[in-house]
């Protein structure tokens, strides 16, 4: 009688990001560009030599100019984002809880979403002054809208079953909000934070278009207008690193605050 | 405290869901409610517990709420409804915090209900670490903590696997035997109904109305699986409902 | 002492303020001046309107006029002027365009002319040159001077006009070609003006006059040292050193010196304002639909401070 | 014996956006601003008069300038977004399917996310020319990254149970991808599209910073530099309307393509 | 075609899940596999069907695959695994499309299995319109469409309510009676096991190994709820497993 092993046909469709592989790709990419720019088949107008970018970065760090640029940018990001995010969470929660707030504000926020914040820069200067005020405001506005949207989405996604449970035990309205709605919305709020902060970083450049002498954004803009590709890329690398760092910090917060998700 | 339902009628939009349901739920007894899918059992239970308002008719509490009762009408839900970010003890403490009890009093109640539901060892576990059966035990402990006058159970075992269901049925019987509670127990499962119900109300297909209320005389603690009398009753219920269950199953939803 | 903020670009054309500050003319008038530096002219106008700066010197742009129309700013005097015989702003062509035949402004037809923004002084100059030559050019707004230089160097745009120190610096490095002088097309062009907020102009007469006096003294020193060259070599060198503190500060003195000397254009005596040129600029903006037709020079200028030329 | 009706304690926590209420809020807001600007307690430096903005818009439409500006912008948006989104979906699906692609590209995309696209504008001008090329490229890049992220997220979220089912019936690999993975990822991809297109609109302004004579972004920038608030707001209103329109179109696509969700 | 399992052993990480399981699944019979939660039943079934590879041991097909069989080892899943974007007919057609059948042939098969599962009226319905019971019927129809040599059912009824479960058990018995199929039926539910199994394999707690294989002689079609012999068997099985079920239930997950 014929005997045959059962053929394996499962597995696959579960790609996993191998640790370190990303690094290898980065390094290879850099090496290729380095080679290309040295050998000449990548013109130095097209891309800067990675080693030169590295040298520029090192020079920036050594001369202390990195801090001179980084500190104002970070301050703007922190103040602006803190403002935008805290107000955004507040408004988002209100939209998630109250019909009238939702009815009034959701269309407003939806209409604000596709407004390019750079366009409003001149207006912001008049409103908040050319100094830090307008920069904070720009970053605050830029982080506000996505925070609102993600927050009220998160509140909407809180399991209504848990809320009904709270009501069935006669919990007070405020207890339900504090003990059920807010913790339940936290994961969604945190993952919205990631996006909001990334947008905050992107807006640094826009914020520093007007009247900023120092700041990573100003540094990049200056390099860009001078077509100084080494400095341009050095600045971009700093922002990119900042983005990765912030994403990591949010990841850590998630780990701490959301242990219960396992 | 007894509960009395008087001609409860309800519609969702144009759809009549409950049609003039009148029922009496005497103190200390468990009333099982069975009926085909979508006949409005859960809706009815939510109305009894005040979570939904019937279009017509009313639910009345007759008699005094017993002493020390923090939440007269207390639900146990099918999906447990535990806060995933609170430990077992935290989930129980949740429902005690709003009653102005002293910290020591809260701890005492928690310890007591955990002992009664044999959960003492799990007091610091998070819901995600627990099997379904354990989660429902926690939900029952939480319900017991507020010392309810009436427990409202909406298919409390149907999210569990068959074996765990058996185990929990024994636990429920045990809890009732130690300290009889009034209960309304909604279920699809006829075996559960004949095992746990002092009376069984059979609802018709939507619009749900009461077809029959059956009394079972045998005390809860003396009922066993395989008991011929209960088996016969279960078979009778099944024969009563089979056609309707089939029809309910074959209905197209949201067409 | 009265505190005030003066907006400036790090250009030689802003030297009058730097001189007045360094030589203590402001202090002598009882003014405690603090500079605020900008990357472009337009934000300065907005900063005056928002109260972030009190006085500034910049070209007449559509933005400035618009703000004046909203009652926020006033021009109170003139600064940089084109003057026949003194090296003024240059017309540039990119190397690629030059090789392709753009050797004089007459060949500008159909070329890309770089401007920072629509309605800027660059746009005005380009329009005037094109009008005089009877050609049509395309304007490419690139927002910033730096961006224009890059685009010109890489041949993305064909032509531009700019103050002499930048033009000569670029041409000297072989990056671009000089193909003409702006002064030949727009004689007596009032390039920049002194302006302040409408509130200052109306209510702070004493302070404003004090500022203008100090500013004019600085301008006189500057003209004497670098434009008319009546202060002798030492005076010129000293002036260049003074300016170098603000302009090209990141370059070594030797390199900066030439640029600073090259950039010397006359700053009007006593902040005199060439009304005719101002009228012409306003007229052009109206014809381009950049500003409302109802705007007259009274809206823009408060003539009570400086002599009208 | 005491009798007492059972107290209702459910309901709430389900705010619903009442249709039309948003409109009311808009109208009230506009009326208040109109009043304020007329009465003078809102300075005309702070906000334009809504009626003037309306008049500007009407003038734009009548003179045909609206089209002169809208057509190039729409072309840029359509070409750029089509490019960025189609490549983004392709790359996203690949990342969702292949371990090596994922390992290599995910960190790259993560590093690209917080790079402000305006910063790269000068580079793009060098690479793709000052004309339309650089504008397409900017919008393409801007829509590419969020599309990739949302697409591979969507592929990751396809129920693995359905894939195992396909394997258990010996479906071919390509059948599984085509009939299970792609339709399953479609809802996530479409909702990502919403975000990508909103970003595309926002980037119009950045794209039109360099060398664009016509375009809504250029119009807004020009208005900003002229400090002409009426035009600035008119332009912003056009972009905002465009955003709402695009969001509606995506909504219609969802309705059509995702009937099965009910 | 028979299946033969030879010393199947498997670990996930450090955790031994299956320990030397040997079993025989003869043609035309249904083997029920029961055991406490987490003992590796689903893992074992996936290995039988080739969806997972055991660390040690092998699964062998003995004998020829019958004629006309498109997919010898065919699963029916607990969660139905229907494509929500395809209609009932589309879901069945899915598994036929890769076999180079002609269009007419595919339609014929679909019509046939829909008739057999009494789904003909629902051929254009989308899964979201169907009740759970109907969905599982569609999944069964899909499995029948490929004419399997062995059906592998992983708790096919446990996502359904008790009444629907009864109805579907009858359907399964009916299908088997009309055309006997070989089956491996994993379940928690002892009532299902004694109703549907020709033999019942009882697994121990993790690491799963075979504690007992019980044969039931009574033909499927003659089994009824309330049959004392089956009730007794069910009770015996429950006594056998009760302790382990309790222990499995009380285990903390991912600690």
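Just a few scattered comments:
Here the chain labels run A, B, C, D and E in written order, and each chain numbers its own residues starting at 1.
Note that a contact is a pair of C-beta atoms (placed from the backbone, for glycine too) under 8 Å apart; a residue touches a chain by one contact, two chains touch by 3 or more.
Per UniProt, the chains are A, D = ABC transporter permease; B, E = ABC transporter ATP-binding protein.
Keep in mind the model is a prediction, meaning the values are calculated, not measured.
Here the chain pair with the top count of touching C-beta pairs is A-D. On a Cα centroid basis, the chain most remote from chain B in this structure is C. For this pair, chain A with chain C, the centres built from the Cα atoms lie 40 Å apart.
Once the centre of each chain is set as its mean CA position, chain A and chain D turn out to be 17 Å apart. The geometric centre of chain A is 47 Å away from that of chain B, both derived from CA atoms. Annotation for chain B: residues 49-51, 73, 128-129, 254 touch two or more other chains.
Multi-chain contact residues of chain C (touching two or more other chains): 46, 49, 143, 147, 150, 154. The set of chain A residues that touch two or more partner chains comprises 9-10, 45, 122, 126-127, 164, 167-168, 170, 221, 224-225, 227, 262.
The complete set of chain-chain contacts reads A-B, A-C, A-D, A-E, B-D, B-E, C-D, D-E.
Every residue of chain D that touches chain B in the complex is listed here, in rising order: 1-11, 262. By the touch criterion given at the top, residues 45, 122, 125-127, 129-131, 210-211, 213, 221-222, 224-227 of chain A touch chain C in their complex. Within the complex formed with chain E, the residues of chain B that make contact are 36-37, 122, 125, 128-131, 133-134, 155, 158, 161-164, 166-167, 187-192, 225-226, 228, 231-232, 234-235, 238, 241-242, 245-246, 248-255. If you check the complex, the residues on chain B that touch chain A are 49-51, 70-71, 73-75, 77, 79, 81, 83-86, 94-95, 97-98, 126-129, 146.
By the touch criterion given at the top, residues 9-10, 12-18, 21-26, 29, 45-46, 95-108, 110-123, 126-127, 160, 163-164, 167-168, 170, 173, 176, 181, 198, 201-206, 217, 220-221, 224-225, 227, 229, 232, 235-236, 239-240, 242-244, 246-247 of chain D touch chain A in their complex.
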